[in-house]
Amino acid sequence: MSKTIIPFGPQHPVLPEPLHLKLTVEDEVVTEVIPALGFVHRGLEKLSEIRDFHQMVQVVERVCGICSVIHAMCYCHGIEEMMGIEVPPRAKFLRVIWSELHRMQSHLLWLGLFADSFGFEALFMQFWKIREKVMDISESTTGNRVIVSVNVVGGVRRDLNSEQISWILTLLKEIEQEISALKKTLLTDYTVTKRTVGKGVLTKHQAYGIGTVGPVLRGSGVVQDTRTLGYAAFNELNFEPVVESDGDCYARTKVRFRETLQSIDLIRQAMSKIPNGEINVKVKGKPQGEVVSRVEQPRGELLYYIKADGNKNLDRLRIRTPTFANIPAILTMLPGMYLSDVPVIVLSIDPCISCTER
Amino acid sequence: MSMSMQILLVVLGVVAGPLIGGLIGGLDRIITARFQSRVGPPVLQPFYDVNKLLAKEYTVVNAWQAFCAYSYLAASMISVALFFLQSDMLVIYFVQAVGAIFLVVGALSSTSPYSQIGAHRELLQMLAYEPLLVLVIIGIYIETGSFKISAVYSWDKPLLLKLPFLFVVLGYALTIKLRKSPFDLSTSHHAHQELVKGVTTDYSGPLLGLIEIAHWYDVVLFLCFCSLFWATNIAGMIILISITYFLEILIDNVSARMTWRWMLGNVWAIGLTLSLVNLIWLYQQ
Amino acid sequence: MKEETIPVTKETVIGETAKIKIEGYRFVTMTCVELDENQVDVIYHFDENLQLKHFRLTVSKDTLIPSISVVYQSAFLVENEIQDLFGIHFDNLFIDYRRTLYLGGETIAAPFCKFTVKRTDKSAPAAVQAET
Amino acid sequence: MFTFTSNILKNFLSQRATRRYPFETRSPFDGARGMLLNHIEKCNLCSICAVKCPSQCITVDRKASTWECDPFACVYCGICVDACPESALYQKPEYRQVAEKREMISLKGEIKKKVKKETDNGIESE
Amino acid sequence: MEKLTFILIVLPFLSAIFCYITPYRKIRSSIVMATAFLLIMSSLMLIRITPFSFSPITVLGADIHHIVLILDFLILFLIFYFGIKHHHLLIIIFAILQIVLLGYLEYFMIKEQTVSPIFYCDSLSLIMILIISIVGSIICIQSIPYMKNHEEHLGLRISREPRFFGVMLLFLGAMNGLVLSNDLLFLYFFFEITTLCSFLLIGHDNTERTIRNAVRALWMNSLGGALFIIALVILNSQIGALDMQKIIHTPKAGLWFLPIALLCFAAFTKSAQFPFQSWLLGAMVAPTPVSALLHSSTMVKIGVYLVLRLGPAIQGTFLTHCVAIFGAFTFLAAAALAVGQSNGKKVLAYSTISNLGLIFACAGINSSAAITAGILLIIFHAITKALLFLCVGVIEQHIESRDIEDMRGLYSKMPVTALITVIGVITMIMPPFGLLLGKWMAIEAASRNIIVIIVLALGSALTVMYWARWAGILMSDPFAGKFKTEKQPILTWVSLVSLCLGATLLSMISPWLYSWMIIPIFNEKYLQSYIVTRGILENPSGSFAVIPLSILALIGFFVSVLAVRKALRARVVPPYLSGVQLSEPGTFLGPMNQPVKAEAKNYYLSSIFGEQRLTIWVNLVAMVLITMLIGGAL
Amino acid sequence: MFKKLIRNSRMKSPWLLHFDCGSCNGCDIEVLACLTPVYDVERFGIINVGNPMHADLFLVTGTVNSRNSMVLRNLYEQMPNPKIVVAIGSCGLSGGIFREAYNVVGGVDKIIPVDVYVPGCPAKPEAIIDGVVTGLQKYDRIVN
């Protein structure tokens, strides 16, 4: 047969990150996929042996630039749980606000890149144009656009004043309008649906069985959102996990699109309910014990395993990122698809390789 | 036509072709940028690009690439020159096909799968638009009774009135040839696609510059074909081309890239049906 | 850990995993922790409806641990990772990268084993030779 | 099929979203975390910053009384600024200028003595 | 005149006998070369005396009619024998049918009327003779080194070469006879010889597979023979003479078209049109010179020759439309099937069928422009296809594969052959070469026929597809540095280069070819279609500037060659492989740190153009079209 | 005059190749953000070609580790001269916060010559534009 072997990545314009897939293609139909990782592997879990547990906050933020707040939050939750620190309620709400802002920018980024993966450049530009507004919010409230670095063990580093809150609310309104204007194209346009509907289908059973998380899992009809555990201030907010049942790229797009709007809603709720008070507490002592901490990243459930034995350095830090759980899904979805669908399907899990390899 | 007149026309075609093509490319990029609410590059950007490419280091994957790039350019040049000589449309069509074939052959000469797959998609694109182009030419022939462009220019009614569907069919061919979405399968002007740059992946430096110039000739040639549909006066021609090109940019910006299976099915089904309808209508008269 | 943790042995791990799969649990991940020069803890994390459950397998480093990728295929990735980072081996992997998932040829043997291997010399960036 | 037409036509007719950097610069947000500087005259060379820095890019040599920072390794987190007991460290809202060569900030300070000195001229090329 | 025709027809028969009996290779080679030389010379000398006609009474002292009759029965009984030997019922039936009908025709119907002239030579015959004698001779010359190599490769103890060259030369004589015959019985006789030669040559290697394919070819061609003889019987009863010229010029009436339709049908079988394509595909198991000679450049042209000959008789009828549609359909379908093939010889075979279809379409359109197109296509197809077949033969002996995929990067192994092959492909699909000139004429001629034109438009795009990808991969990586010219016998070079020059240079003089050779064919039924001025073929509706385009193409070619010389000095970078390429060309570092060879195979689109998928539908449509053709004639 | 034209063209048409050499994505998305409407580097004629064969400008983000250093060198060698390398972000400059991690070789300049360093964690789009502009000035000096 006419077998073609393609090295897909690590440098490839469709993949912003160095993931390598050895694709075997026959007449543009993918028959075999073997991934190769290790192009971003830094070994930062190991850094916990030479950095103390406070400094590790900044290190874990740099596991992934797109969801840095949430990494730091997950880590801080773990340490706080281990040390029995009660975070002030205002800090909890601020964490929700920043994490949801991050989810928004991450989803907007993804929606843009996804549009780009099927060659819709204009749509990509529109999503990224909107995203810049979210980035502005980040920069003005925290001092940095991407790695906002607001979390510390025991609370947050920055506060929001009422002026900022009202400014954010007006910006959010604009963002909501602009996103809604793109809804029709993203979800109903003929050429777009032609490229997404029915591509990379994961049934509910498959998605659950191979351990996918986040929008991939919810796109296949499984109701699972770690935020319902009620960490930070999520237990005081009103929301339902976004679920779609088709399990294809289109369903995942829909989940992420709806979650973007949901994040706007959550930020509004958090801003209306935010109590006054301290934003952090003083941390005394050293962590000891073993804890598993979980939060919901834009890409899905993030899990930190932290083991400490009373030193300022942690004994073991283990990070299970959502993409790590979703990569087996690529291997399940790709065979049988056309080569032109490969970028679409690979992006549909929203791969974050720097998360995966740490 | 006198000999000196002919030579003048050929020179005009060969010189003006890339100038117009580059300028159109620049306008295209500006309008595209505006559609995406960006500022976009200066209008002379394509010329800067090509100038720079021509001055870059000469690197090749395979020396045969050079042969193919030059032949592509030569064929495109000749086809535009033939058009300005008001020659036979079918001959022009065959000559421009030579260019496309050399582009493919050059891409096939590299072992990179991206270039190879790009070449095959280019072939599939040719498979899609070439029959349509022939049918458009046949339609013009049936209306004017000649394959020669000079006959079209001496025809007193705009062809668009008699060949509206065939103009749409030509639009399909134009979209494919301009490498616009949804048909930018084999290579595109921006790199975000699964095939990196498809057919042009392994061309670099001066050879890529030549290919870009050849592409301008192709664009000019196809727009000239469009202009035949309102050949009665110059203003009509320019308006028709402008509207057509604007629509092309619009379509590029409002659609995703499709797959070649969809392209073959869609272009053949709709294109052939439209041409059949138009041709039968012409036969009836 | 506040969640339920079940100790398992090398012999029972597959069986227990299969059992928990039937109960509707989903594989989350595995964690390997080095205890001392010889011993490691391999912790398996499972989840059902956001309820976690852990297995703890304490084995010596030279043990050939049976791979649970026969039960949960997606476990192959994390097992390969542990192979890379801790130098321990899994048996019967779905895709066995043979300790090349993350590490190139010249990187230190088992970077996460702090008891046996000290920090590497970073002064000379080794030239990367692709062929192994 | 052409659902996006109205959006792009709107874009075509309305204002561009582009900020024409570097021809028009936007003033940075207050509190933006930019380049790290040291009012060396306030600095006590206590080396708390060097200990706290997650990136370990600050070196304080109390014997030679120097405060050194590798700006290319700094991650702009601002932990050192928060930790500085003398408020000598601060972050300008602008980011550091691009460079063609490696740089190293090396400042000569004195312990518990205040010397009038320009703050910004301590940049030396390595 | 007598001598020339003697050399062209009888001499090959005699040489064949000598070849068959001589055990020495050197003598045999000399005989072949001498015959080839004589054939080429006499065919060229024939140009001066065309047109002519003559009727010999005796040949080598015997009555020519008797010889032909006896030999005719001999051949039919031979076919009958082969049918029995290989237990093939259809062959037996067709052979018996032919024997009975021939006997009936000879002894009951023809009553002492002799056809006059027996041999008639006009420009059409002349063109055919030139193709047969020159291209055929070149192929025979090439087969001398080829067969030597072939037999060494097979390790035969007893050489089968005498038989091979005997049949090859016999075939050349028969072909010459066929195109010169005006008496249809003679034509039928030569027709049957070619059938037999084809059978013997396909089965040459004497393996189970070759014999199976040879038998298939035999029954399909016997069907053609049977149809032919039925047509003769009907014709004889209608006009009482089996005279080609008379048939053409007789006014039509009644069931007139039935025999013509049957002759067309016979022509389709001989030209391996759908649904009889399988014998030609099977014939590809034969040694490559056989494929080149019989199955692309000469024997399969009998069909189109016949239809072109009969053209004036059916002008303006429903029958001619049917032939046009049938031909166009074959053109498209065979091109589509060729896209799905990776076997080089099969691609060539389908391409042959496809081109023959195009010529049939031209014959069916039956205007003077179309006839011109058809004849140009016959000439250039014969040359180019012979060249390509010989190239594939040489390549096959070198790399031991005929799969296109295995020819990837052939330039690094055998640069000259690869270049010649690419030139061959270029002459197939690019202006200003003859085949494209023919196609241009065909499309312009067909432009008033809406079904034909759409089919032709689709088909020509498909044609480009399968040729371009073949040419492309021959020149694939690695290309850096200089390569040594590969070693080949001198006779191989002579034949390849002469065919290559023939294909390119003849294209350049095609306008004059047209005015010297094709214009004389036109008579009162056809108006002259093109006028030639300064190397430009022109008519009121179109023009093809052969010479100016050739000059431009030459300039372009030389500029490109200079560019290659410059590029050879340029820095060579590895092809783009996403940045993971290794120093070994074409490999990348794959998963598990393993070097992986990046491969890219051609698209054969077997899901769309696969043989299994398409053949049945294509055959079905073809049968419907043939039924329409026969039905229309009734 | 011709030379000036080429010089001018070179300055106005830097095509970029972006390679994520193990960064945390922070700098990558800022590089991508440069291409989007708000920053729109196409104003300077910059397009992301995604192919080393076509590129003039090589933007590298992230730390170099043992596996991707080969890729980095390959890509650099595939680019035709003249070319400019811009290292972006703390990680690209020195390895940043990950300097001491076991699988980190260090900054980009350990493998290929770097022309411009753009500091930041992550570098802002404005800084990246500055880096490109500085790079072009250097490019101009090198070539002419």
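Quick notes on this structure:
The letters A, B, C, D, E and F name the chains in turn, as written, and every chain counts its residues from 1.
Here is the rule we go by: a contact is a pair of C-beta atoms (placed from the backbone, for glycine too) under 8 Å apart; a residue touches a chain by one contact, two chains touch by 3 or more.
Just so it is clear, the model here is predicted, and its values are computed rather than measured.
Listed by label, the chains touching chain C and chain D alike are A, F.
Across B-F and B-D, it is B-F that has more C-beta pairs touching.
Chain centres computed from CA atoms place E at the largest separation from chain D. If each chain is reduced to the average of its C-alpha atoms, the one that sits nearest the average of all protein C-alpha atoms is B. Note on chain placement: the centre of chain A and the centre of chain F lie 26 Å apart, centres being C-alpha means. The mean-CA centres of chain D and chain E are about 79 angstrom from one another, to the nearest whole unit. A separation of 59 Å divides the Cα centre of chain E from that of chain F. Those residues of chain C in touch with two or more other chains are numbered 100, 102-105, 111, 130. Each of the following residues of chain D touches two or more other chains: 1, 3-4, 8, 11, 16-18, 20, 54-56, 75-77. For chain F, residues touching at least two other chains, in rising order: 19, 36-38, 40, 43, 48-53, 65, 67, 70-71, 75, 80, 96-97, 99-100, 102-104, 121, 124. Those chain pairs judged to touch are A-B, A-C, A-D, A-E, A-F, B-D, B-E, B-F, C-E, C-F, D-F, E-F. Residues 19, 51-53, 70-72, 74-75, 77-78, 80 of chain F are the ones that touch chain E when the two sit in their complex. For chain F in complex with chain B, the touching residues are 5-6, 8-10, 12-13, 15, 36-37, 40, 42-45, 47-51, 53-54, 56, 80-82.
For chain B in complex with chain F, the touching residues are 29, 33, 36-42, 45, 47-52, 54-59, 190-192, 196-197, 200-205, 208.
Residues 10-13, 16-18, 38-44, 46-47, 50, 58-59, 62-66, 68, 109, 112-113, 124-126, 128-129, 131-132, 135, 145-147, 352, 354 of chain A touch chain F in their complex.
Of all residues in chain D, only 16-22, 25, 35, 54-56, 70-77, 95-102 touch chain F in the complex they form.
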